[in-house]
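Structures follow.
Below are two complexes that have subunit A in common, paired first with subunit B and then with subunit C.
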Partner chain A sequence: MEVTKQSVSGTLESSDIMITIEKSTIGNQIELNSTVEKQFGDSIRKTINTTLREFEINNAKVGAIDKGALDCIIIARLKAAIYHSVSDEDKQSEVFKA
Partner chain B sequence: MNKKQTFKAFNPENIETKNEAYITHRVENNKIVESLEEAIKATGLKDGMTISFHHHFRNGDHTVNLVLDTLNKMGYKDLYLASSSLNVCHEPIISHIKSGLITQIDTSGLRGPLADAISHGIMDKPVIFRSHGGRAAAIESGVIVIDVAFLGVPSCDPLGNANGYSRDDERANDVICGSLGYAKSDAEYAKNTIILSNHIVPYPNTPFGIPESQVDYIVEVDDIGDPSGIMSGATRFTTNPKELLIAEKAATVIINSGFFINGFSIQFGSGGASLAVAQFLKPAMIERKYKARFALGGISASVVELHEEGLIEKLLDVQSFDLKAANSLKNNRFHQQISASYYASPLNLGAAVNQLDIVVLSALEVDINFNVNVLTGADGIIRGAIGGHQDTAAGARLAVVVVPLLRGRIPCVVDKVNTLVTPGKSVDVVVTDYGIAVNPARKKIIKIMEENHIKIMDLKELYNIAVTMTGIPKAIAYTDKVVGNVTYRDGTLIDKIYQVKD
Partner chain C sequence: MSIRLRRTMLFVPGNNTSMVVNAGIYPVDSLMFDLEDSVALDQKENARFVLHEALRTINYQGKELIVRINSLSDGMGQMDLDYLIPLGKVAIRLPKTDSAQDVIDCEEYIANIEKKYNMEVGSTKMMAAIESANGVLNAYSIAHASKRLIGIALGAEDLVTDLHTKRSPSGLELNFSRSMILMAARSAGISAIDTVYSNLNNMEGFKAEVEMIKLLGFDGKSIINPRQIQIINDVFSPTEKEILDAFEIVSTMEKAKKIGIGVISLHGKMVDKPIIERAKKVLEIATVTGQLARIEDNYNE
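== the complex of A and B ==
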């Protein structure tokens, strides 16, 4: 799946994460700013990477401002951001119907 | 046995009070000195000595910074800073540590930039953390010898009768703090007490929190603190549904604990859920026609309301949390100001905490063995205060700790607390939004909960629910350097806080 335009999902409320996704030319890049970086920084990056791979996204720049979101919330916000950043054709994909 | 008395012959010449010289002296003689510098010089303060402060102005305090700046200008070094607590507003202490003015700190807690700097190893000597009762005992037993106490107060007369409000001079209530509980112990035991006040009122300033007999010098200053940082109008009940859920569960536990009887006594610790428990107890008190004999501790608006409605007979106030509490202390006959020692000293068997039936306490973390941390955050950085946590948990017949299972992604029920502050042995019940756990050693409480069909969970079970949602947090990296010694209320060392590695 190809990221074609920038999109944003989530908020800066406590327990939420705000994710910005846009096109990249040098593979996947993640820029994470988290209130729980020390405890969960690596885990959050892993969750984002795994989700990107699930959608076969290989050229995306992901900016994430995390206020202590649980994994399920991170995945949901990232999926929403991906949905709004891909082509109409990709939006029909099975992965969004699950 | 009385001393054997011998008498000298009476001589009217010895009645000095009627001499012209004495009368002139009495009119002129008061304890007000021209400047803080002059007062400091008069005390004979030397490098290496101990100075103390109270924290009744909380985050609006200007006294500590004013005094330390003055001491710095006067060239002092190597002072031991014993404050009943320190707050975010005390960031300037960082520069006084760097300059060598302050070489050791003794406090109930640390917050903000100062706490952060200390967690990152700015001091050579570890900070000593004490509970409010532990501090009182250390002062009483001479473990802490206060050479000079600098006590900021909202009202003081020229002879030193000082208070956290004034009953007859409304000007003094612009900067009101209510109870002077922690300052009382300092004034009583300090070798020298300097009062700093922005309102000198006519003698006698009754009622007073600190009597003139304990005051040596008075300095009039323009500004002791910022009222908006000292207290809010009234601590409002939380509207956070998670906190309300925890509070409701805690009230259910209390009502069914066997300790909820007519004439019970209670303390509500600070924190949204803890303070909200009162609102869930109230209907049961009215329905059963129960009155509480007294409420203890930090007093806030919710407790004052119950007092004014006749549901709590007496208030024992070591620290007034909001304007409503301070005004109640000023206006209500049965709202009594008490010292830290009266409140919680372990050397004082009659301490009010030992008369307490029920206490509701907050926590940063609770572990599966009921141990509580109220000092360090999940990142290992100091961000709290012991307060009366250890004292009330040990003294009360029922100590209930209220804590959310998670704060954001941080589990608050953990396998082992980061910093041990209040030992599990003194904690009876832990209430979370996901369930209630009773200390297995409290067989009677477990039995009564079962009889009342209140579901009890194991803390391990709650821990597992937490980490299933959050994942296991990465362990905090520390260096070998100790930045804090945490004492238990009896003065023993209960844990150490290490420098965080970044």
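== the complex of A and C ==
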């Protein structure tokens, strides 16, 4: 799947994460800012990378401002950001419902 | 199988991640995750993904999980169903149900998804919210429209607007609608759920309304704030005296049955079938709430 335009999902409220995704030309890059960076930074990056792989996204710049979101919320916000950034045809993919 | 209580149905806005992930901690019978009115139009997709992931992974401690979807009239409700039905975990609350056809249309759409994902057709349960004059007048046919229905609910804010009136502390404006919905639910053998009480600063008014709807026969009430939980659970749970009386009625009746007597007299009052049925219902509720076990423990000590 290809990121075609920039999109944002999530909020800066507690237990949430705000994720921005845009097109990149040098593979996947993740820029994370988290209130729990020390304990969970690596785990959050891993969750983001795994989700990008599930969508076969290889050229995206992901910005994430995390306020202590659970894994399921990180995935939900990233999926929503991907959904808004891909073509209408890709939006129909079953991967979004997986 | 024990009965499913629906005393408290807590609204959880679908795009509020903090509430969605923490909703399981509250002592309510049902959680109603909302994709409709509490979610802004440009956040519908975001909220749908939040509920899809949260409901898939979070353990909500055996509470009944319900999702209020958007209307099917503009395609949004269908998208909600596409994402949520395959989870196989949630009942669907259909908003603004005006006729039996609304239920049938939603049911057909759900059945197609169940077939697509090899789920048992009919396994997804539904609730219908009645929020208009048409809905109230069609309550009977709505309640009987599908075997999937577990209950019908009153949605008063839209209804009073349709009726050209407003909510009042006495609830006089909802008398007919509440009675109609209750009759329809009882006729179909499903739950009747009352509307929300939105003034969080008037707990006395809230309690009075809860007592009134219990007396009318409702099974419970939708709530918008955890502060309202305890009052409903208290009003809708039998008192210790009611439980002990029920226990006495049922056990006396069982003894009488053994010696072939159908109607008994207990403390000078006649006890017949409807009274025994009510007593059994009290014991059923007390079993689910854990009250019966607590009383038995106290007596055994």
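The rule we apply is simple: the second predicted complex is superposed on the first by the 96 of 98 C-alpha atoms of A that agree within 3 Å, B and C clash if a C-alpha of one lies under 4 Å from a C-alpha of the other, contacts with A are read in each partner's own complex, and residues count from 1 in each chain.
Here is the rule we go by: a contact is a pair of C-beta atoms (placed from the backbone, for glycine too) under 8 Å apart; a residue touches a chain by one contact, two chains touch by 3 or more.
Since we're looking at a predicted model, the values are computed, not measured.
Taken together through their common subunit A, the two structures put subunit B and subunit C side by side without a clash. Residue contacts after overlaying the shared chain place A:Gly10 against subunit C, while subunit B stays out of touching range. In the overlay built on the shared chain, the residue A:Val36 is in contact with subunit B alone; subunit C does not reach it.
Touch criterion met: A:His84 reaches subunit C, while subunit B stays clear of it. Of the two partner chains, neither subunit B nor subunit C is touched by A:Lys61. In the superposition on chain A, contact of A:Ala69 is made with both subunit B and subunit C. Centres of mass aside, this uses C-alpha centres: at subunit A, the angle toward subunit B and subunit C in the superposed model is 70 degrees, to the nearest 10. Greater residue coverage of subunit A by touch, when subunit B is weighed against subunit C, goes to C.
Of all C-alpha pairs spanning subunit B and subunit C in the superposed arrangement, the closest lie 5 Å apart.
Judged by the document's definition of touching, subunit A residues 14-15, 69-71 lie at the interface with subunit B and also at the interface with subunit C. Every residue of subunit A that touches subunit C in the complex is listed here, in rising order: 9-11, 13-16, 69-73, 75-77, 79-80, 83-84, 96-97. Contact residues of subunit C toward subunit A in the complex are 16-18, 20-22, 45-46, 49-50, 52-54, 56-58, 82-83, 86.
The part of subunit B that touches subunit A in the complex is made up of residues 378-380, 407-410, 469-471, 473-474, 476. Residues 14-15, 35-36, 38-43, 67-71 of subunit A are the ones that touch subunit B when the two sit in their complex.
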